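Labels A, B, C and D are assigned to the chains in the order they are written; within every chain, residues are numbered from 1.
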Amino acid sequence: MSNERATGSEPTSTAGDASRAGTRRFDRIRGFLHGFLTNRKGLAGTVLLGTIVFISVAAPLIAPYDPEAYGVGPALAPPSVSHLFGTDDLGRDVLSRFLYGGRISLLVGVTSGVVATIAATLIGVPAGYYRGRIGRWITTAIDMSLVFPPFVLVVVFAAYAGSSVWNIILILSLLSWPIPARTIKAKTLSVRENDFVESTEALGASDARIMRQEVLPNILPVVFANGILQMVYTILMEAAVGFLGLGDTARISWGTMLYFAQKQAALSSGGWWWMVLPGFGIALAAFSFILVGSALDEVLNPRLQRRTWGDD
Amino acid sequence: MSSESAVTPGWASEEPILEVRNLEKHYVKSTGWLESFFADEKRVRAVDGVSLSIDRGEIFSVVGESGCGKTTLGKTLLRVIEPTEGEIRFKGTDLSSLSSTEMQEMREHVQIVYQDPFEALNPKRTVNGLLRQPMEIHDITSRDEQRERIYRALEDVNLLPVEDYLDRYPEELSGGQLQRVLFARALVLDPEFIVADEPSSMLDASVRARVLDLIDELRNERDISFFIITHDIGAARYLSDRIGVMYLGRIVEMGSADGIVEDPKHPYSKALIESIPSPDPREPLGSSGIGSEVPEPVDLPIGCRFHPRCPAATEHCRRADPEWRSVPSETDDGRMTECHEVEPKQQPPE
Amino acid sequence: MASTSSKKAYIATRVRNYLAAFAAILVVNFAIPRVMPGDPTTRFVGPGFTEEARQELLREFGLTQPLWEQFFLYLTNTLTGDFGVSFARYPTPVMELIVQRLPRTLYLMGASVTISVVLGIPLGAIAAWKFGDRQDLVITQSSLLFRSIPTFWLAILLAFLFGYVVPLFPISGATSNATHPSFISYFMDLTYHTFLPVVTMSAYFLAGYTFLMRGSLLDILPENYIKIAESKGLSERQVLFGHAVAPAFPPVLTQLGFQIGRLAGGAVLVETVFSYPGMGQLMFESVLARDYPVIQATFFFLAVMVLGSMFLAEILYTVIDPRIGGSE
Amino acid sequence: MSKQTHDRARTTEETLLSVRNLSTHYREGEDDVPVRAVDGVDLEIARGETYGLVGESGCGKSTLGLSLIRALPPQGEIIDGEIHLDGREIGQPARSAVKDVQWADISMIYQGAQNAFNPVKTVGEQIREPLRIHDVVPEGERAGHVEELLDKVNLQPDITDQYPHELSGGMKQRAAIAMAIACEPELLIADEPTTALDVIVQAEVLNMLQRLQEELNFGMLVISHNLAAIMKLSDRVGVMYGGELVETAPSEVLYDSPRHPYTARLLRSLIDPRRPPEQVETIEGTPPDLRDPPTGCRFADRCDLATEQCTAEAPSLEAMSERHEAACFHHDEVSEL
């Protein structure tokens, strides 16, 4: 509002249109970052996520033992000074394995979350944009895909197709797009209702241009927030696949650590330390993504504004 | 249908820029095979046989209650909504026969300005981006040319100095300013014809007149013809050369702006004008004398479509469709209406 | 009036979609084993099997016939409830296993959904009403937390705590006795056994519904009719639960329908950890044992179960929301 | 109509509503600067009088209405002032303490009748609700009472069992009026009762409000940016600008001789469709930012008469003549504008 009165005072550089627009965009990004980092969830999530990424990347530097080496300590030894989180049944250091284990979780969770979100966008946007037959067909396809319980399918596929990391990523990506696609479709529908979409149509723009220039920028916040929350789901699914023993058991992941622990009845035989750390790791990774995702949602799609005064 | 271009001298000499004949837009409610077992097909006659012609440089307003089909008419004129039936000629070209790609190219010359300035501009683009987009669509790629047109458009809508507005996002502008950005966005393509949907209804009275004056200026300086959709009869009279009164998908009366407001002939036009409050507190509140329930344009009555609400309806009105014909008026403004109860004009000997 | 006929039309479209989805389940279920590398025999029988014997086996399964004939056979079998015989528990008919397991899983899922909804709705409502306040923070943060704990890990922890440390609940099986004098006693026994599994599943989904309800209500609260209810002199509780919750519920219900699929996934994990003999555990065991007829049948039934639940949710939606099939 | 004669009679009547120095602010977060939506407003409405409140978007007029009925959104708070209805203080006590006054003595027609009704409850149920809460009509007679109410607003009794989406816009608006007068309140607040309505429906609603007021003799506060409609309906009109009341007078007086430049400019921005078009004015500039309003007169930067005094100090309402007050240092020059 106060902008109105700032008329005429600014220098009128004629050459600087593009750079000025760039500065404005930069201002917006800075405003967003400010909003995100002053959001308690956003800050906490970023710090947690940063920590997890750091330990995963720096695992070779900070891990006290070789994670694969048998008998670096006694079998199933409780936490001690030399093995802070004890050892497993083969005498491997739990902490070292934990530090390495995050790599697979993050790799699988993030990659399949990203792929699924891209797929969901590519499917959801046209589903919401086209009003006629095309839209109805895609929507029906999405609705039908929702009928197949994703995790159940993952188990079936993993059983048939084998369990390499890339297979798991492929399966998770293939199966987790329908719910976000539906959300994106719903958001597209509501953006499409806006006059600015029709008015661009009335300017003679093609469907592809409208989807790219009018719809996409306006649903991007939803896509981002959804994508992050999708990663929470894929991280948990990856862990579950690993826990069922259907993951790549040759590689260390938090899920497979729990699988072996459960197989050896770690809890009932008193080896609780074996189970605590990996479970904690999964929960923490998921939690940090949830925090980031819901902070993004709050900053990018503020609800608060709608609950303010209904004046005039 | 007799020619509407034989109206008052002001525009009579000019060739029409847009001419429509018997334009119809019918919607069919409910589709699909299984539903048809359960529900009957219903036809919504949003626009039901409209013929009119707009001259170069003319401002034509269509007024009527919400649900009368005026917005649908405006959008159908430019095939933003596909007409079910009828012919649209823009400068002699039959728009209805164009392929969708040809129509997309034609849109360079005909523009729509939408009603709600807060909704009609993409919030993710700056003013500069919003104004450049139409030119990108129509392959005007030279940066200099783009700049020149953007500056000229913003100057024409009086957003000055232009530099102050280029980098603003819609959320940083007031309703009145946004409304002018909307007009500027239509202007960068140098159109000859603009449909404006309720250009002033979202604005406070204090800035409303500014937008109305802007339309008048654009007509005078850029020779643009306007088709204005509005429920604000005051604004319509203030602004336009001619007014058409629309009821349930049809134009029921058409004449000069002053003539329609001062001497309405059709009972519906009369009711509409009777109900406008004048600002003078000493004058009583207006009253339409007809019920306020607008029937839906489905299952239309036989006879005149206004008869169920018409205070002057006779048995004849319930049975026969009224004819669209010239009628005499005080101002002699080439008035046309469709009503059995209004005496037709005697054909003057040619 | 007009609205009842359009409501019928609406339901008709939906019924059509559900029939199509059912057809899709049939096709996918038929396709999965066939598009996967190898055929059942290679995996089931393993190397060292003569080619002749393998062909014999394929013939027995009908896998040498043309695809459309296989599909036709599969269709008739599936629709008549003939899912063949289990490999692992030869010669138990697959259908027998399903009939035994299906009600247990239905009970587990039904109870979890009910608990999550019954608790999630008021929790979400309170959080939205107290938007930004301490109550909201506590509810939303703990929901986020429960949403991130892996279901199976929580199951393990609960099993450890209440099965070993403080042995209050059984941590395996569905019932203690094979036979029961009455349905009530069977039901009580079942409920006792499902207690921990239900708590585990509810924790995750409760958090979800709390969030959904909160979001949906935040959209409703600025509406005029809420302001009017407030100014009519109603108490906060009356406004919230008397006016705001009902119109906010339908969108939650829709989401609930779509997330049933995830619930089925949760059942696989939770049943496995608690050795609860339901569909999920049956499926997992069959996967390990490469018991293909059973895998296929359990997948089919789980998918149909999800479809049925979605349909129920939708029926409920049309009952609750008078706007369905209204003006549009 | 007999409005003028009513008017005379009312001047001697007792005050129904008295607002003293009311300030209502909105606060988004703890550290945010509050929006001073209503900033020290005085207002009096007599029993049976219609008072019109006009102003541009964002001038705080709706907030004033919401403050009176104590239905402010969570961010809004009455931070100062007193509101007396019929001698009872209803502004400062906790909201739960004035529940029995809400709707029973003071009710409101909210802006946008399109969502005045809960979509999942029948219309009748919602009209009946205040009768139940305030127990003004015995249970057995409530259904009959609702039918009477609907009859008063020209609606058929069968809409009681219908859901809001089955009603047209005009019907919903009338049903909202029926709901507002259900308990025969002493004060009815109508917030933009005709905005977004077509002229025909608008005329019907205005006539209906006038008729109901004559029948039931409630005081009425009409809030609108539609100056033409409001001046016809009201006995007195108040003009709000930037959170403050800048002028108040009987409607004819205000129409003939405004003494605040804002009112004068507002009047000249009106288009009277019955007169041949003449140049209509606009008020350049935008209203002040209510997070940080100017120290002097809030209209100064848009005003042709503004002098240094205007930007330095804030004018307060002064009596121009009997029942006519304006807050302008240059009120004598307004007629020459």
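Note that in this section contacts are C-beta pairs under 8 Å (C-beta built on N, C-alpha and C of every residue); 3 or more make two chains touch, one makes a residue touch a chain.
Owing to the predicted nature of the structure, the values given are computational and were not obtained by experimental measurement.
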B-D or A-B, whichever has more C-beta pairs in contact: B-D
Chain closest to the assembly centre - both centres taken as Cα means: A
Centroid comparison with chain B (C-alpha atoms), farthest chain: C
Gap in Å, rounded to a whole number, between the CA centres of chain B and chain A: 49
Centroid distance [mean C-alpha coordinates] between chain D and chain B, Å: 33
Chain B-chain C separation of Cα centroids, rounded to whole Å: 54
Where chain C touches two or more other chains at once, by residue number: 131, 222, 224, 227
Sequence positions of chain A contacting 2 or more other chains: 1, 4, 304, 307, 310
Where chain D touches two or more other chains at once, by residue number: 56-57, 66, 73-74, 111, 225, 286
Of chain A, residues touching chain B in the complex: 1, 3-4, 6-8, 10, 12-13, 17, 20-21, 23-24, 28, 194-196, 198-206, 209, 213-214, 217-218
Chain D - residues contacting chain B, complex: 1, 56-57, 168-171, 198-204, 206-207, 210, 225-229, 231-234, 251-252, 255, 265-267, 269-274, 276-277, 280-283, 286
Contacting residues of chain A [partner chain C, same complex]: 41, 140, 143-144, 146-161, 179, 182, 232, 236-237, 239-240, 243-246, 258, 262, 267-268, 272, 275, 279, 282-284, 286-287, 289-291, 294, 303-304, 306-307, 310
Chain C - residues contacting chain D, complex: 1, 3, 131, 222-225, 227-235, 243, 246-247, 320-323, 326-327
Chain D-facing residues of chain B, complex: 65-66, 174-175, 204-210, 212-213, 231, 233-238, 258, 261-262, 271-288, 290, 292-294
